[in-house]
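In structure tokens below, several structures.
There are two complexes below, and they share chain A, which is joined by chain B in the first and by chain C in the second.
For the complex of A and B:
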């Protein structure tokens, strides 16, 4: 454990240093994370304003602001992108260099993920404050709901990270993964509630969303933080589902990793 | 007990195959043909501790695939191998900490940062005690003469500088077994020579076992007494470099410088004439005849200088990659 902590802290330090070499790029990526929910907020606000009760999917305009503002933050802190990088590592032979080390390549990716979030905080933090000032979100969460909401965000981040990594392992079979990555991100946007609150979706799609993990990586922690999940049992059920998905993704990772290594062909390296 | 012990190691890849053109591409959407490529077939050898073995063969011969299996990157299709009593493809962390594989230009270095950052990460991942890390780093920096480039961003380094840093990072944890795949590829002659010297010194100092692949014969001649020649995934020769030379090139080259032109002297009666100038002659003669021919030349001609040499190893190896080696080995 001490060995791993030493290795991961060194990887984190170096990943931060690498990130800082590309300040412009990380600002642009962070900007996308701000613009996307703001555009969706503007669309939903316009929809709500056109209705007689000034509501959309049961949300008032300040609640719509709270939904997309919270989604902006949750989306940023739970972001994972290994589906975009894994196939590149394999095609260019960089995976071979990583596999020669006595540490799982996943730790490097995790350090890179954390490094991005640490480095971008200086930019997105003030932006979040500015956005909150401009769109005036309305929160109704009690301190307990808020704390449980934070726990839900942590679980959502871990879930998204491991599930993305598991999907990324498909690159060991297909070499190119872009299409699979897009399907994953498309589902995460649509049935995860990133595009629209799930109450705005037709009933059958909401049933599908309940079965899939994406809701628990976005809409669920957002609604917890907003204070929209008022029944405690419902909150705990959601947290349990998150934990179950997390355990399942870890088991899946272990199994797939072993099989992936067996069929690794070490192309280009 | 050998440090590397390989028995009947085989690796077969399934690779997609199709004709060129749009028609074939469309056809492959519905029916994809696959071909089996036997990259390594039934390879067996062993290497003692502290030995340096040259692994030679043309492109696609199976050298790198073998090294990748021994370094735990690839699982074999069949066969077995142990390195330091461990099965490489089980990828035990204790095993990975004791080996290193240098793969030409496949980088362990952080491209965007100075090399020191990569060294630092390496020391943490391999859990090298701080004082040992500093001592090894100082030693490697001095031997490889890279003190002046440690703060340079890796992506701005020349190929030679990067290769030296790559070697440095690969050796920081003092591996007991080294797999070097083309360690001098792409660097100039001076740098090749320095890297060669360094590998030799590392072997002597730490008793490391080394398997080396290279297309530069100078690397092999300078470092390896023993070579394994592999082609089409099969071992064609495993033995001393000198023995290969004797087996494949059973002749010597006699070079003479003369005081004056000897006109119509019949050199062809003594052997194959490789060079014939007015005062310079090179003859290829059977090994056994070399002393007699030399004596005859010295007694009959105004010889200023005479040397008897083995044929260049490049020619020997070139010959080894042809079918003649199989005959030679069989014989």
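For the complex of A and C:
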């Protein structure tokens, strides 16, 4: 365990150093995470203004602001992108080198993920404050709701990371992962609540959203932080579902990883 | 006088078609992804108008025209602009731009047509179909004069996008490592997914005059709505003026940048 901790902290230092080399690049990447929710906020606000009650799916304009503002932060904190990298690692044969290390390649990717979030904070942090001043979100979460919301964000981040990684393992079977990754991101947008609050979804999409795990990685933690989930039992049930999905994805990773390794033949090896 | 440039374009197009033909499955996957993007765009319109009748004066059918425009422009950018600009950046960084400059053709013209991602035409066809459907829903038919106006405004918009990219690429002569500058473009372009009227006034002004995003998606969509009151002659004239101005400016900037280029052996 101590050796693992040492290895991971070393990996993290390396990844941070690498990230800092590409400061401009990571700033540009994280900008998309700022622009997208703001654009959606603008369109939803305009939609609300043309309704008689000045609401959209039961949300007032300051609440819409709070939704997309929180989504902006939650989306950044829980981001994972292994579906975009895995097939490249395999196609270029870089996976071989990573497999030779006495530690799962996943630790390296996890260190990279953390490093990105640590390094971008210096840029996105001030931007979040600026956005908050511009769009004036309205929060009514009690301290307890907020604390539980933070827990939900952590669980959402882990869940998204492991599920993304499991999906990325498909790359061991086909090196064309683009389509799979796009479907995952598309689902996260639509039925995860990134595009619109779940209450705004038309009936059939809502049904799909309630079945799939995506809402627990975006809409659920956001609504917790906003204080929209007032029934405590509902909050705890949501946290339990998150934990269950997390365990399930870990088990799935374990099983798939073993099979995937047997399949692996270095492409350029 | 026009024969040689056209012949060159035909040649590059032919090479691209041959390239695509070699990776057919890859192309199928990409076409599938592109279709999904369109479905996603239409889905977001559906969700928005499930909750409201109009957004800043735009109805659902009207918004369909815009979805189509967004696809057409995004497709056009990926057919010609992105691949060529990526290659220019690479050439400037590696010093292989020499091979372009040595040819007896205008350098700006040559660097702008070398790569053609043919299969992306799918985006243009699908986008045009969606726009036409939106226009049909608005008017019951597709009026010929709005098709004309639509194509005119799109061409102006596309010219503006091209010039914007050329200027971004030209920056590479000064700052060599700027491969990711295209993220700047996509971040701004994202705001053009929806009509600029949804933004606060100061931002609308910025997106019209400082960064002419409105001319790229919103105004062509207004022209394609088939409603002549939606688009004033003033906007059309400004669009044409903007396109010409940007073209002159970016060519001038490109030539200045070129003077700084020191070649492979430097």
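By definition in this document, the second predicted complex is superposed on the first by the 269 of 269 C-alpha atoms of A that agree within 3 Å, B and C clash if a C-alpha of one lies under 4 Å from a C-alpha of the other, contacts with A are read in each partner's own complex, and residues count from 1 in each chain.
We take it that a residue touches a chain if its C-beta (ideal position, glycine included) is under 8 Å from a C-beta of that chain, and two chains touch if they have at least 3 such contacts.
In this text, all values refer to a predicted model and were calculated from it rather than measured experimentally.
A.B. asks: With the two complexes superposed on chain A, say which partner A:100 touches: chain B (first), chain C (second), both, or neither.
C.D. replies: After superposition on chain A, A:100 lies in contact with chain B alone.
A.B. asks: Could you look at A:29 and tell me whether it touches chain B, chain C, both or neither (first, second, both, neither)?
C.D. replies: After superposition on chain A, A:29 lies in contact with chain C alone.
A.B. asks: Quick one: is A:117 in contact with chain B, with chain C, with both, or with neither? Answer first, second, both or neither.
C.D. replies: Neither partner.
A.B. asks: Go through the superposed model and pick first if A:44 touches only chain B, second if only chain C, both, or neither.
C.D. replies: second
A.B. asks: I'd like to know which partner A:91 touches here: chain B for first, chain C for second, both or neither.
C.D. replies: It touches nothing on chain B or chain C.
A.B. asks: Which partner chains sit in contact with A:190 here, chain B, chain C, both or neither? Use first/second/both/neither.
C.D. replies: The answer is second: A:190 touches chain C but not chain B.
A.B. asks: Considering only the touch criterion stated at the top, classify A:206 as touching first (chain B), second (chain C), both, or neither.
C.D. replies: A:206 contacts neither chain B nor chain C.
A.B. asks: Does chain C touch more residues of chain A than chain B does, or is it the other way round?
C.D. replies: Of chain B and chain C, the partner in contact with more residues of chain A is C.
A.B. asks: Quick one: which bits of chain B touch chain A in the complex? Just the residue numbers, please.
C.D. replies: Where chain B meets chain A, its residues are 13, 68, 71-75, 91, 93-94, 96-97, 100-101, 103, 106-108, 110, 112-113, 117-118, 120-121, 123-127.
A.B. asks: Looking at the complex, which residues from chain A come into contact with chain C?
C.D. replies: So the residues of chain A touching chain C come out as 24-25, 28-29, 31-32, 35-36, 39, 42-51, 56-57, 176, 178-179, 182-183, 186, 189-190, 195-196, 200-202, 205.
A.B. asks: Could you please specify the touching residues of chain A with respect to chain B in the complex?
C.D. replies: Against chain B, chain A makes touches at 3, 6-7, 9-11, 13-14, 17-18, 21-22, 93-94, 96-97, 99-103, 261-266, 269.
A.B. asks: Going by the contact rule at the top, pick out the chain C residues touching chain A in the complex.
C.D. replies: These residues of chain C touch chain A: 25-26, 29-30, 32-33, 36-37, 40, 43-44, 46-48, 50-57, 178, 180-181, 183-184, 186-188, 190-191, 193-194, 197-199.
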